[in-house]
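Chain naming follows the written order as A, B, C and D, and within any one chain the residues start at number 1.
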Amino acid sequence: MMTKDKNVWYEKLLAIPKPVIYIIMFFVVALPVLFKMQVSTYVTDEVQRIYDHMEQLYQYNQENPDNKKAIFIAFDYDPATMAELDPMSFATLRHAFLRGIPVIAWSGLPTGVDLGEQDMHLIAKDYGAVYGKDYVFLGYGYPFVQAIIALATDVKTFFASDKAGNDTRDLPLLKNIYNFNRIGLVFSMSGTSYPESWVTYANGLYGKMVVTGSTAVSAAKYYPFLQTNQMVGLMGGLKGAAEYEQLVERLEKELNGSDVRAYLETLYDGKDLSQYNTAYYTPEFTPEEIQLSLARRNTARQGMAPQATAHFYVIILIIIGNIAYFARMRNNKR
Amino acid sequence: MGMFLWMTIALFLTLAVFSFLFRDNVIYKFAEHLFVGTSVGYTIFVSYTNLFLPRVWNPFRRALGDGDVLLAVWLGLGIVVGFLYFSRFSQNWSWVSRYPISITVGYLTGYSIIPSLKARILSQLYGTVVDPAGDSLLNAEKIGTFFKHPTLHNFFFEAMAGPLLVFGVFVVIVYFFFSLKNNNPVVRFSRNPALIYLMVAFGASFGYTFMGRISLFIGRMNFIFHEWWPIFKNMVSG
Amino acid sequence: MKRQLPVIITFIFAVIGILLQISPIMQDRFIDPINSWIASISSFAVIIGLASLVRHHATKIRRRHKDQFFSFVTFTALVVMATVSIIGYYHPNSLWKGFADNLYRHIMVPLNATMFALLAFYISSAAYRAFRARTWLAGTLLVSGFIVMLGRVAFGPLMIFGEVTNWLMLIPNTAAMRGIMIGVGLGMVATAIKIMLGIERSYLGGGE
Amino acid sequence: MKKKILLLMGCALFFFLPFLSAQESAPAEFALHDTPNNAGEQVELTFRPLASPDEMPAFLLNISIGENPVRVRRLVNAGKLIILPLITRQAGVPVTVDVQGELPDGSLVDLGSVNVVSKGEWLNMNSMKAFILGLLFIGLIIFFVRGAKRGQELFIRKIPGLEAIDDALGRATEMGRPVFYIPGTSTMADVATLASLNILRPVARQVAKYETPFSVPVKDPIVVSVAQDVVKEAYMAAGRPDLYEDGIAYLASMGQFDYSGAVSGSMVREKPATVFLLGMFYAESLILAETANSVGAIQIAGTDASSQLPFFIAACDYTLIGEELYAASAYMSREPLLLGTLKAQDILKGILLVVFILAIILQLIGLDFFMESFLNPQW
């Protein structure tokens, strides 16, 4: 072993101080976030199918205005997997509210109940959707199988009251739409195995089309269901969310104009504000809320770019470390 | 305005924690101690409202109210057993606190024996003999698939998947035999393959988790740049 | 009394635990009462922990440690958080509740999330340090970690790494983790049995 | 495979039904069973529609459970076997299901009714195999512990990483810097915590002998009190009760990340030369290991949490993998009783491996009974 010369290039590379690694890491992630760098992902087939099915539902509703069909969303996740799954719920809700498709939802996890309810009100506010008329959050769907089967007859007998405590018979939306006959698509957003149960029951028993939003980790196990068409669509991880987000944004720009800020600012001007119950949300935007709402529109896509840069950064670090290491070994042998 | 103040506090605390990456400093120390204090305070609150009240105190009062003496006595005894912990504060009586400890440890370990045997041993071994669909992992059909369509994908995902899995489980289990000498032929034979399996697995899980960890940091950056900053800008400009 | 009785109590409760596992009817009838004891014991344990924490910081203050100011910070935060939250619990429509929510949302949550986010940095410096082909074993670690990292963000022609990642997670990772799990499971059960039979007593602490 | 066959059969049924129905076969098969191995809180209805969806688009189930009013459930005829759990909440509840078929014109035909009374079982047969295995294990442990008590020599191979402990402690003494011992972040009921406390004993004894400053930050309140006892006893055994104080083992905090924040803070301030990370860890494992590395400490880690092992392997100098942690606790204490159980554990592992290999071989030649009867946890 020869004495180490600290000034040789490879010794320096082998001992990059931690703060340097950290600072570069910081910039590698912060810059894409700061400049809102967006990786425009190509839309995969399984996400495009979700969008198409929603549009078909819209077409159907246009043709049958007295017999509208709704979508059903199960918020089967809790704060731990929120970072990946919230963007999917947001995009789905946006699409539904944009197209005036009614939404019925519940959460299959006790810890997801508050989360699901808040998400719904948050997005509803962006489009002036009215609780009870355009969307309903039922609460905690438990026991799971019983709750699903209740959707086959009349969900009002299972949920006597919704999460907010309203009598479900008083909600105008549930007067017409209360079972699977009038539900076009079933969404299950989850990091657990709940989507499998939705496939077993909602698809297996009642032939409903099921769409799954899952974390990147568990997405792999759902591909077999896609092949058999038991699931008609799948959003896996941030990437899947980003793709759907992208499609919905294009639609929103088309319908509401490209200036989303102006749209939000004037949304409640000249509307009948008495139809909005302030217990759910106040029908006006503070500047802060507009900011947050704008940011919420592309959480998933903005996560993608720093995700990729961070990975490539570490890969480069590893390569540098190994090159320097081999250089040292060769030098030592000589 | 109030909202902005709170968000600024959150921003300050976020930066305080990140500053620890470079060196320990007064701001981090403040955040750290504040964190310990709030978190322990919150734990007290949660164990009072989510544990003690609904699972101990309210059932006890309800049992008293219903005149269910047996249940009330039982629940009351539970409270007394909990109280025994306070003996820790005395030098001579601290051994009394062993009673509540032995109750929890005894019950929880006893309760865990059968599920551990079922889920961690029997099910895992069973799952290494046949896959969930009931086919053998050493399925000749799948190997046949490879010979019909000799692609790399078929080789790794169909033909070799089952055998490699079975072999891996076997060598890793053998690696953890402690009472066999190192020169035992089975141990010697399986040692290197086992180490390869372990290292490949550790490397793979390390790489796989990376994405999740980065997401957390992106979340904080989003908070700073897309939640706090725009509001701040608005405040300043108007 | 000091050593024998706890061991006997442990045995009795371990047997109760096993019985509850094998008998559905007994589980149905007795699990709630037993769990109420466990709940009671764990809620009192929090007080013991609190005492230890208070003593640790009180010592610092008494010895006029240079960080004693920060121990005051901890005390204040603790008292404020606990009182405000509990008052807010009893008066859900008061200002206290709002204050408690804000404390939680703008102090606890960001601190928790940021501390967790530090892992993004630590994981990269650990990767830089550990993923070097020093020995052939470290080389295996390096190669599989490298492939999976590439595979996670793969696009276009690199998609092959995505395939390989899937395979690595599906076969070698499952095999190794399963092997570890079976061994650990046996060790866990062995320890549980040792505790039940009174062979393992370290949980009772030292002393006679 | 089985699923596919079922599917094929379903399809076949679907196509042949028009011909079959000419023979006046029942439009549906259904039965009500008590769900086995439970306390009687539910019963199951199995329902297989035989009529084609064209003839009978739906079925109505009139379910009455005990005193509850009759509920009506509508099943769309999808031609598939359906298993419907019905919640009775307790044993001894009579359940009746009247089935009606709905014809395309909306009129109803009665298809008969089934009933059952829910009942509870004293024994869960699905736990029996595990229970028997447990009894076998207890027998083995008692046998080997007896042998160990009689002074039988029990061999345990060296565990890499354990020899490092002495060097690491010596290094701390030379440098005059403290030793940190973190017994995991889980509760007393976790086996890893117990194993860690077993290793804490000899480590504390050594530390007391060397007069090295020592610190044991803990997260769980019960573990704190036990750790204090263990350290105190070790200092006594080393003949240095004068060095002991209650503050050596202390509760740093009660939450996951505030704990890791507090511990990394004290690591950076006190600059330990050696850090032990033994026990159960969650996501905080890497925070602790990397901070220890950045202050230049030797880290000796060990955990049975397979999700955290990769981080310890990557960041620490020595790592005890999974079971090695338990073995180390027996190895370090050198107590014949603990060594005996380790031996018993190896024997059982050997038996299971043999059964496993036999099951694979027999399964390959078509004898499923061996694997089903020995390895399938279901009865």
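Methods note: contacts are C-beta pairs under 8 Å (C-beta built on N, C-alpha and C of every residue); 3 or more make two chains touch, one makes a residue touch a chain.
Everything numeric here is computed off the predicted structure, so don't read it as measured data.
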Most central chain, judged by mean C-alpha position against the global CA mean: B
Most contacted chain pair (by C-beta pair count): B-C
Whole-Å gap separating chain C and chain D, where each centre is the average of the chain's CA atoms: 15
Euclidean distance of C-alpha centroids - chain A vs chain D, Å: 31
Chain centre separation in whole Å, for chain C relative to chain A (CA means): 28
Computed distance of Cα centres, chain D from chain B, in Å: 11
Where chain B touches two or more other chains at once, by residue number: 17-18, 20-21, 29, 31-33, 35-36, 38-40, 42-43, 88, 97, 101, 104-105, 108-109, 112-115, 117, 119, 121, 125, 128, 166, 170, 173, 176, 198-199, 201-203, 205-206, 208-211, 214, 216-217, 219
Residue list for chain D, restricted to those that touch at least two other chains: 127, 131, 134, 188, 191, 222, 225-226, 252-255, 257-258, 261, 309, 311, 313-314, 321-323, 327, 342, 349, 352
Residues of chain A touching at least two other chains: 18, 22, 26, 29, 307, 310-311, 314
Topology of the chain contact graph, where touching chains are joined (line, ring, star, complete, other): complete
Complex interface listing, chain B residues touching chain D: 17, 20, 23-24, 28-29, 31-33, 35-36, 38-40, 42-43, 88, 94, 97, 101, 104-105, 108-109, 112-115, 117-119, 121-123, 125-126, 128-130, 133-138, 166, 170, 173-174, 176-182, 198-199, 201-203, 205-206, 209
Chain D residues touching chain A - in the complex, by the definition given at the top: 71-76, 78, 80, 82, 84-85, 87, 294
Footprint of chain B on chain A - complex, ascending: 18-19, 22, 26, 29-30, 33-34, 83-84, 216-217, 238, 287-288, 291-292, 294-295, 299, 302-303, 306-307, 310-311, 314
Interface residues, chain D side, partner chain C - complex: 37-41, 90-91, 120-124, 127-128, 131, 134, 137-138, 141-142, 145, 188, 191, 194-195, 197-198, 201, 220-222, 224-226, 228-230, 232-234, 236, 246-247, 250-255, 257-258, 260-261, 283, 286-287, 289-290, 293, 304, 306, 309, 311, 313-315, 321-323, 326-327, 337-338, 341-342, 344-345, 348-349, 352
Chain D-facing residues of chain C, complex: 18, 21-29, 45-50, 52-53, 55-56, 59, 111-112, 115-116, 118-119, 122-123, 125-127, 129-131, 141, 177, 180-184, 186-195, 197, 199-200, 202-207
